[in-house]
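One chain, subunit A, appears in both complexes that follow, with subunit B as partner in the first and subunit C in the second.
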Partner chain A sequence: MALSPTPAPPPASNPVLELRGVNKSFGAVHVLRDVDLSVYEGQVTALVGDNGAGKSTLVKCIGGIHTADSGEYFFDGAPVTVHSPRDASDLGVEIVYQDLALCDNLDIVQNMFLGRERRRGWVLDEDSMEQIAEETLAGLSVRTVSSIRQRVSSLSGGQRQTVAIAKAVLWNSKVVVLDEPTAALGVSQTAQVLELVRRLADNGLAVVLISHNMNDVFAVADRIAVLYLGRTAAQVNAGEITHSQIVELITSGQTEAFGPGAGRNGVNR
Partner chain B sequence: MTSSALPLADGNSGTGAPESPVVAHVKDYLARLRGGDTGAMPAVLGLVVLCTVFAIMRPKFLSAGNFANLFTQGAAVTVIAMGLIFVLVLGEIDLSAGFASGVCAAVLAVLLTEHDWPWYAAVLAALVVGMVIGLVLGVLVAKVGIPSFVVTLGAFLAFQGVSLLLVKGGTNVPVRDSTILAISNRNLAPIAGWLLAAAAVAGYGVVHVRRNRGRARRGLSAEPIAITGLRIGVLAVLVGLAVYVLNQERSRNTVISSLRGVPIVVPVLVILLLVGTFVLRRTPYGLSLYAVGGNREAARRAGINVDRVRISAFVICSTMAAIGGIVAASRANSVDSNTGGSNVLLYAVGAAVIGGTSLFGGKGRVLDAVLGGAVVAVIDNGMGLMGYSAGVKYVVTGVVLLLAAGVDALSRRRAEAAGLR
Partner chain C sequence: MRAAPTQEDIRRQNLGALLRHVHVLGPTSRARLTAGMGLNRSTIGALTTELAAAGLIVEEAPRDTSGGGRGRPSLVVRAQSQRVYVYAFTIGVDRLVAARVGLGGVILDRRELQRPGSGFSPKEVAEALGGFVAQMRLSAPHDGVCVGAGVAVCAMVRGSDGTIPEGPTQDWRNEPLGERLSAAIGMVVMVGNDADLGVVAEHTRGAAVGCDDVIYLHGDVCIGGGILSAGRPVAGGDGYAGEVGHMVVNPDGRPCRCGARGCWEAEIGEFALTRGTAKHTIGGLADAAARGDHDAEEGMRRVGDWLGLGVANLVNILNPQMVVFGGTLREVYLATAAQVRSRLNRTSLSVTREHLKLRTAALGDDAPLYGAAELAFARLLDNPLESGLAPAAG
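Then we have the complex of A and B:
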């Protein structure tokens, strides 16, 4: 694919979002064990792992839906506490969940501003919301929707994903986490969404992409973080690891042929 | 989505000037119709058909006196239906709204007649009782988590009992306060009717023209001028015609008394319609109602306090039911244990659904209650004129309700199919 990952993260830059030693249990089930994750500006960080590896739980900890039992959460280098989705979005962290959380009966503008409407006094400021929504979509080079006053129920899967992503970007967010954005999409819509993901990173956002599809991951990711049974198996640059090594990490948590200097954080054992 | 306060205009706009923006607007409307977004079309069509049939069968149906009767007959049900819309938009139901209105009416009558309270204090007390009822229902639904169907079915029976207790068995409590009686029994002076009509049309026009100007200034797509003009024109004609007819002399014997002018209940309905539409369409609160009705989880994640929104909808519904009860008490000149009972609730739910509000949640306008309420009132009134018994009226109204619910379910399926296109 045309979208090749950039070779390596600039060594000077610090991660915009960093988790260190995060643990999370649900009753007797220890879902996350000392998980580390670093996310950099302008890069797509892919988060991969088998079913049950803890990806969704980790995302919910990032987004404030779950609070980690222990571990540290750094944003822009400073330690922060995130106990609710509002805390996360106040930091500039937006999560696009797999179910997209769109209201079918509302139009695109209403969905993008849901819960954070612009108002003049008691009244919704529809016109300025419509204008900003239009500018945001144009800024993402989205040309696929005919009218932004269209109800979301009339949109295709790819268009819905686009609206959900645009909604996340609207708030001058710094980190956008996308949970399986291409899982339910056809070939051309997948390509459109991946292009959008790449554009987000190129616009300076830190993007976390959760995916099962290795082709998608290698198409857009700069860095790849692998979870295996609730542990961070590896965090590497996408250019320094092969398809089969990633699959090995996902399925067994380790790989024999690990390139030298690949694992910044190495294998976490 | 232009929140059309008068969708009738869209239906007729095929006769407009053949400019391209107008044609595009009409095409857009037709596409939405085909996509299952029927809006007010079925109710307006039904109203036209019913009125035509009754006018042919019983010419008296079109008389000024009967026209005025339609408003006073349908007002209480329409007001209760307006409140129900808020609950229906959430995808919930309030089966107790009818008897809630009965309880509030009983409170009003008992306070007025047996305790000699002034009318404003009694009205306030009735409204507060309505709010408390809504609060209890809402908390049971949202916080305890009992399905609204069950909560309000229980409340239906309980309120029937409360109503019986308040009016002490089978007796009825007369209402003699002239202010309360005026709501359903007195009329505006003819000149006041005309002034009100002019103000309504002018206000409608100013709001629409200003919105279009504002949108054009920001470079957003605005409604074509021709369509806006047509909307205003159609509204002006309808309102003008209605006021003209209502200002005719309706008294059989003008020597004894003169009976002309717009019934006072009409401006009451108009004000409730405007306030309700404003709240639902223009405020963040209204949007949160639609959001909760459309996708509760999405609303919760967007930071909307879902429980509070659900409770508030029940409070609004029961408070509107209280207003409906006051209107009903005014019309009957008394309150008995059956006020708000028998067919009132089903007529109100029917009015909302016939008007185009979805029983599945997420869709509904306060205008639906007015259009649907008109359909229900016309059926009730017209069949009464034709001499049918109450039994036949119930059967017909029940069938119309099922028909409307069927249209709702089918158009929803259709909208889903269109969404997957």
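Then we have the complex of A and C:
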């Protein structure tokens, strides 16, 4: 008799979220040019690129803060339109921005349910919110937080990041986008956040990780998408590329290993 | 020719399988057990009744019945974690850990002793662990039953009798560790290598659940490897397999404790890493590197490169689905992943790494401790009703 518990689902062959030929301009500045991006469940897709390559704009298009000028947005294989953050979260896309958007004067449970509180009749259902928050943190194997009723102002940088990530996971989300989650963290807290990022994907979520730190990218990513001057320079498996090739792609948009002219469609494997 | 299994054999096997299910997966409904074990409902009912009568499990109504599903909710079977327990120990070079671990893999009580720099003689180990057990016994419940003890040791272990031929420190020579510890705590203590037990733990309840081809690398002063191939441990003829730390990666490299040169652990072990720098731990070194200390950065880069090279060799030979980094290698991997991956992707064959996952130990530094507990539980899980268990009081 097989004793193994339910094994992790095999990587789906179809992306859960896919952008095709996305363009976005702000006035005369053409920020995104025909950008493609595929994100798969159970995988961490790292999004890398130099400052100004268009990472943040792309994320805001995914999250519905900006609407793309042209291009297609597919979710679970079906074309969708995303015009507001509410549209994105209805699909199951949650974004954790660098500033985390947590309220210092509220506790962890209040933050996780901020704006979406559970009610029982006229009053807040504190018990069930507390229970769900606790289960979510336990499901992520978070052991660094001593009490879920402590204020966010008393938490360390890594703990805040953890709370922000748990908040994004709480809503049965399918895709979680993390913008520089390890920036400004020390070594051991970075390690904890990276393990959390990996665990999200191993639990079946599709994770997009934006990072400047190549160690972080290689530590957890299954796939790496490189943006160069608003174009997709490459989307490759982390098992097929080296650090120096990624740096080449980030700085010049191409790398010898994949032949010259890795422009619009880039390397797509 | 072996005789066909008797009804008694089958019953014993089913009891063990059911208990193992609950031990590994946590509280499980009877309905799920029925589906998961491929037995019919009345058999599951009979087995749970027997195990409950022996005080190994309890059955209770499910707490949450709002989850849908039709009909009367199925009873949930839960291990008696507070009552049925083992003692698990780890012996590191400069750290001893003792824990009381309940059925289901719950650490109920835990003690630790550190002695940075010097280490322990076998006699000191036995005294310290004996003392810990005496303390922990006081806090155990009165109706509690201890069903075994296991130890994970940072040294090679002879498979046949649990003897340690050499290491962790100089005073260990042909040390009959199992006998010595058994005498010190008054019960049989099973002995295993820390990495060999680490891979079992990660496979049972850690990062490698559901993954049957795994290499667990445990970093300490030395580097140990625990290998599962097709779900079975690779032990070797005498039980010494997996000494990946003595894989030579750099024939002209640093001298190793074992007398050879350029062993993997001489290039990536904690001593090698911190030698020649002001830092004494890998955490300190990684921290300095993150703050821009040039020497520390260079050191970390070099170590990442050697780590990737060794992993590439192992991946080519064993074609694992997963490599798990534990002990100090967890931090080393996370801080040098760009080097590790790059070297691995350049050096290993593309087909051997195609489905490879690199992970850190989900059980953290306690992976060998959980593995020691699994070793201690093995006898109970093989034969739940005949391992000297007193029947439940009342």
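Here is the rule we go by: the second predicted complex is superposed on the first by the 246 of 269 C-alpha atoms of A that agree within 3 Å, B and C clash if a C-alpha of one lies under 4 Å from a C-alpha of the other, contacts with A are read in each partner's own complex, and residues count from 1 in each chain.
Just so it is clear, a residue touches a chain if its C-beta (ideal position, glycine included) is under 8 Å from a C-beta of that chain, and two chains touch if they have at least 3 such contacts.
Predicted model, so just to flag it, every value in this text is computed and none were measured.
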item: First, second, both or neither for A:G239, with subunit B first and subunit C second; value: second
item: Contacts of A:S153 with subunit B and subunit C, given as first, second, both or neither; value: first
item: Subunit B versus subunit C as contact partner of A:A101, first or second or both or neither; value: first
item: Subunit B versus subunit C as contact partner of A:R116, first or second or both or neither; value: first
item: Touched partner set for A:N203, first subunit B, second subunit C, both or neither; value: neither
item: Subunit B versus subunit C as contact partner of A:T190, first or second or both or neither; value: second
item: Subunit B versus subunit C as contact partner of A:T251, first or second or both or neither; value: neither
item: Touched partner set for A:S70, first subunit B, second subunit C, both or neither; value: neither
item: In the complex, subunit A residues that touch subunit C; value: 1, 3-8, 141, 186-188, 190-191, 194-195, 198-199, 202, 214-220, 238-244
item: Contact set on subunit B toward subunit A in their complex; value: 1, 35, 214-215, 218-221, 282-284, 287-288, 290-291, 293-295, 297-299, 301-304, 362-363, 415-416, 418-419, 421
item: Residues of subunit A defined as touching subunit B within the complex; value: 85-86, 97, 99-107, 110, 114-117, 119, 122-124, 127-128, 130-131, 134, 147, 149, 151, 153-156
item: Contacting residues of subunit C [partner subunit A, same complex]; value: 17, 20-21, 24-25, 37-38, 207, 209-212, 283, 286-287, 290, 330-331, 333-342, 345-346, 350, 353-354, 356, 358-360, 362
